[in-house]
Amino acid sequence: MEIVRYIASRLAQSLFALLCIVTITFFLARLAPGGPFLDEKKIPPHLIEQMQKAYGFDQPLIVQYGLYLDRLIHGDLGPSLGNKGFTVNEVIAESFPVSFTLGISGLFIALVIGIPVGVFAAARRNTAVDYSLMTLALIGICLPTFVIAPLLGEIFGLRLGWFDVAFWEGSTAWILGAVTLGLYDSAYIARLTRGAMLDVLSQDFIRTAKAKGVAPLTILFKHAFRGGISPVVAFLGPALAGLLGGSFVVETVFNLPGLGQHFIKAATNRDYWLINGTVTVFAVLILIMNFVVDVVQAWLDPRIRAGK
Amino acid sequence: MMALPLICATLSFGFLSCQRETRVERATRDKILLLGNGAEPKALDPHLVSSVGDANILRALFEGLVVPHPADDFADEPGVAERWEANDDFTEWRFFLRHDAKWSNGDPLTAQDFVYSFHRALHPDMASPYSSMLYFLKNAEDFNTGKIKDFSQVGVRAEGDHLLVCTLVSPTPFFPDVVKHTAWLPVHQATIEAFGSMTDSYTAWQRPGNLVSNGPFTLIEWRINAYVKVRKNPLYWDADAVALNGIDFYPIDSPFTEEKAFRNGLLHSSYSVPDNLIAGYREKANTPLRIETYSGTYFYRCNVDKKPTDNVNFRRALAYAIDQETIVKYVTRGGQIPAYGFTPPAAEGYDPPHVIRFDPEKARDFLRKAGYAKGSDVPEFTILINTLESHRNIAMAIQDMWKKNLGLEKVKIENQEWKVYQQTTQDQRYDVSRAGWIGDYIDPTTFLSIWRTGDSNNYTGWTNPTYDKLLRESFLLSNPVERLAKLHEAESILMDELPILPIYWYTRVYLLHPDVKGWHPLLLDHHPYKHLDLIAAKSEAKSEAKAKRQNSGKKGGAE
Amino acid sequence: MPPADSPDSALAPPSSRRDANAATIEKGSSLSRDAWLRLRKNALAMASLCFLVGIVLVSFLLPLVPGIPDPNATHPELQSLGAFSRATTAEGQSIFYLLGSDPLGRDVFSRILYGGRMSLAVGFLATFVSLTIGMIYGAVSGFAGGRIDSAMMRFVDILYALPFMIIVIILTTYFGNQLWLLFVCIGAVEWLTMSRIVRGQVLSLKRQEFIDAARSLGLSQSRILFRHIIPNTLGPVVVYTTLTVPAVMRLEAILSFLGLGVQPPDASWGSLIKEGADLMSSDPGLLIYPAAVFGATLFSLNFLGDGLRDALDPKSSKD
């Protein structure tokens, strides 16, 4: 019963947060100078007026906001102004799978590499192994995605010919994209894991276990690991959101038609409904992810569980 | 850390990929042309597009009265019109349409379709960005601006199904050249009106499955930011002559990505090449690099309503202090030509006035004439550019040239993203703004008419009654020599007052795969796809070798 | 650093122990002095510290030294030269390029120095902004708990999902491309994760006995928060900070990539690396040199962070 109430209240909070995001985005996007009806050739003012009327931009902003909310509740994200003739729903339905594939594979790569490396480095603290692993992780963090991505493309795409360097359909370029995203986050995760593991390992219950003669590996994975990955879990929410939404560099470098590119283009095209739409999708994802993270974290850390 | 995924990747893909044929090889076999095409198309509606890349797709889907010749910019190829003729002073043109022209749904294509299309293009409610291209037609401008409500007064009429008569404002000997432009393409009335009224823009009619066209190809797929795919149209009147089975157009924002995609065997042709990589390609044997003269000018606009660029001597100082030679040689590096005038020397019989030539001494003279004893007295002003690597490099070089040659210390550069840049320019809220202009057809008027008072592309605030008068007079002359002389006189005024600082004349710099046959350099870069073919260069070499072997083997048996 | 679970108060962190035992005694100095002493013993951390101080001094002072070429002076005819090359310009001026020249013939070494000013300023200032906001916010949220905590964390969620690009575009177009805007924008984004991490730490800290002890001594809430809880979150915070500085520098680079960061012709390390990445196959030096300096700076930051972490946590050094 307790848990049901907790989830219900979290859900209500999340919905409220979503409303706030949608509202803020709506008004922010409209504040930006420039408009969706600009072109290389200047369009006469009477025609701009006409188009604004056609899209309902002649009404007071607050009325437009009301209409927008109404449409949103019915799952209609509106027409795309930058990709005219397409609806935002269509655009997102097309691009979301791309970003989702990239993001999930990236996260998977990041976890599969990052956590073991972090744990291992912590267990071999202050040895050559630790230093070299952490140095590698640091290099991963130092190299921005816009260096890693073309570098991977150059080596594994052009020199070795294992992967394609561009396009989505029938192309292997997305693997390089996922690796790019994953490498960066794996470095991050490795460092976080190592730091947290060291914290846990220095605690008394570990000392006690050690004193009792529990095998080091058991200590590492049975006792320390739970506490050790807690910051990693906390990091996962923003990490996935970042992977999904912020991968526009990777999408640009490998020319993948994902959500990140749409978001940037929508912003530069002043594509109001697409901005709102991508942000809404993005927000829903983050809220879900954070919700999951909170639950998992509570499960991992009995102290937080008690605190609730 | 990098090792793990890479090992996995190696295991799963390394083996397969060794024998994998590249996308281009497969596409060549299937006769599908893979083209890098710049930005995502804004629309596939002839009356809505304005960018070069969009027009490239339209020329695959639609066919106008006259089409570009595959190899000669000055020749005209019959399109929907089998032949055409003009009256003596080139003010009335009669286009005889072919009887076998059809829409891709089987409907016959008639002269009435063109009248409908021109009506739509010019309709004030359509807001077609290129409607002014049709101002050659009598009363078209008045209809487009709403002064006339009755379209029948506009100078176009259908006489029967197969004769289209265009009555023009003024003598236009190059009219067949003008109607090659995408703004003159026909659209299918029934399809447009099945998805809205005539003037509803961006309805579903331009989507795959709906779009009915009359060109060598039909639209089969359009995925945003990914591709537009067109395939051979079996109902095209000249379908037998079309060698390709289809074309895939890929929008690629980053020129660096595009270049890599080309190198990776994913494209037959790239839309551009990054400036910094041109040198490397030049050195290659059998280089895929193509550098061709292109009818376009790269220049800076000056705001003549704002200090300090309101002073004509100051503008002259700026113009003469730009070392164009250095820019094309070391910055853009694509064989561009320093622009000594505004109109590129492409049109037959027209050479723009030779005015601008780098001269720091002259520049400093003009600076003094402008009332500045030294460069540091000049108030701060900003060069506005839109965000792109090459614009930035040019701006930084020019900024430094002005510093070196004129002593201007307070010149800033401002990057704005495309939309904001456009609005800033259109609202004339800049000091100096980067710009480019590509000819819509081959004639100086496509370059010179934008500087008339009140033209929708002027944006500099510059106005000169003599210039306007000369241009107006030139439109009424049917003698080409006299006409071009008038235009030359007009351009001399432009180059004396310098509301714009010419920098260089464009070249088309791109990469082209050797499999592509029938692709010739063209000034406007309007390649008619129906004349292209794809033949694997390798297999060609192979069959040649085979032929040789057979000849030398003396057997000459049946193959 | 979550302190020990053991009831033995001797194992509680030094700061709390001191307070709990002798709340009236002058505090603070000994903790930092201890830490400093421990840090000095860590050779790697000290070397990093020296390097950082060095690079900061060089970036900020060396450009004032005469003889360093103007980073924005172009000599296109001398483009893309290798390191240690001497060349003569069209005007007959002889130039020595220590690290070669870029495609506009500018001095790469000088651009790296000037770029360093920008990157270090952005990196440290924006990190400081985010650190301050994030720590206070996270600590208050975790410490207050309950409804306040949920409300504050939902607010963070909302900010997380905000379209950062749009905000930056709006701000830069309204206020022009100004440097302070970068600090604000980057700081405003980066504090979010920091606040979540601090909150997590605080949540587990506040249940601990040394906090109960402080409470039972009648210390005020804010005093407990600022004197006892926040100092104990420093470990993860320091580690996260060493991750934030590079993140900030990267973010700055991405903004430059979109034309919203450093304005041309000025450079930052991020923008130099971005330019170099595009030309890595034709002119690797343009990527390698700035990336090396950038990397070395981040490495030092990290080793210093690790050193600080150890120095601030007496227990770990006993292990």
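Here are a few things to note about the model shown:
When the chains are written out, they are named A, B and C in that same order, and each has its own residue count from 1.
By our rule, a residue touches a chain if its C-beta (ideal position, glycine included) is under 8 Å from a C-beta of that chain, and two chains touch if they have at least 3 such contacts.
All figures in this text were calculated on a predicted structure; none of them were measured in a lab.
The most distant chain from chain B, with centres taken as the mean of CA atoms, is C.
A summary of chain positions shows that the Cα centroid lying nearest the centre of all protein Cα atoms is that of chain A. Averaged C-alpha coordinates give centres for chain B and chain C that are 47 Å from one another.
Chain geometry summary: the mean Cα position of chain A and that of chain B are 39 Å apart. Taking each chain's centre as the average of its CA atoms, chain A and chain C sit 22 Å apart. Shown for chain A are the residues in touch with two or more other chains, namely 33-34, 150, 154, 268. Each of the following residues of chain B touches two or more other chains: 256, 417, 420. Listed for chain C are residues 169, 173, 258, 278, 281, each touching two or more other chains. If you check the complex, the residues on chain B that touch chain A are 1-2, 4-6, 9-10, 13-14, 17-18, 23, 40, 42-43, 48, 50-51, 124-125, 127, 129-130, 132, 145-146, 201-204, 206-207, 223-227, 250, 252-254, 256-258, 260-261, 263-264, 266, 417-420, 422-423, 426, 456-457, 459. In the complex of the two chains, the chain C residues touching chain A come out as 1-2, 4-6, 11, 145, 150, 154, 157-158, 160-163, 165-167, 169-170, 173-174, 192-193, 196-197, 200, 203-204, 206-207, 235-236, 239, 243, 246, 250, 253-254, 257-258, 270, 273-274, 276-278, 280-281, 287, 291, 294-295, 298-299, 302, 309, 313, 315-316, 319. The part of chain C that touches chain B in the complex is made up of residues 72-74, 76-77, 79, 90, 103-105, 169, 173, 176-177, 258-260, 263-265, 275, 278-279, 281-283. Those residues of chain B that touch chain C in the complex are listed here as 256, 274-277, 279-280, 326-327, 329-331, 387, 389, 392-393, 395-397, 399-401, 412-417, 420. Chain A makes touch with chain C in their complex at residues 9-10, 13-14, 16-17, 20-21, 24-25, 28-29, 31-34, 125, 134-135, 138-139, 141-147, 150-151, 154, 188, 191-192, 195-196, 198-199, 201-205, 230-231, 234-235, 238, 241, 249, 263-264, 267-268, 275, 278-279, 282-283, 286-287, 290, 297, 301, 303-304, 306-307.
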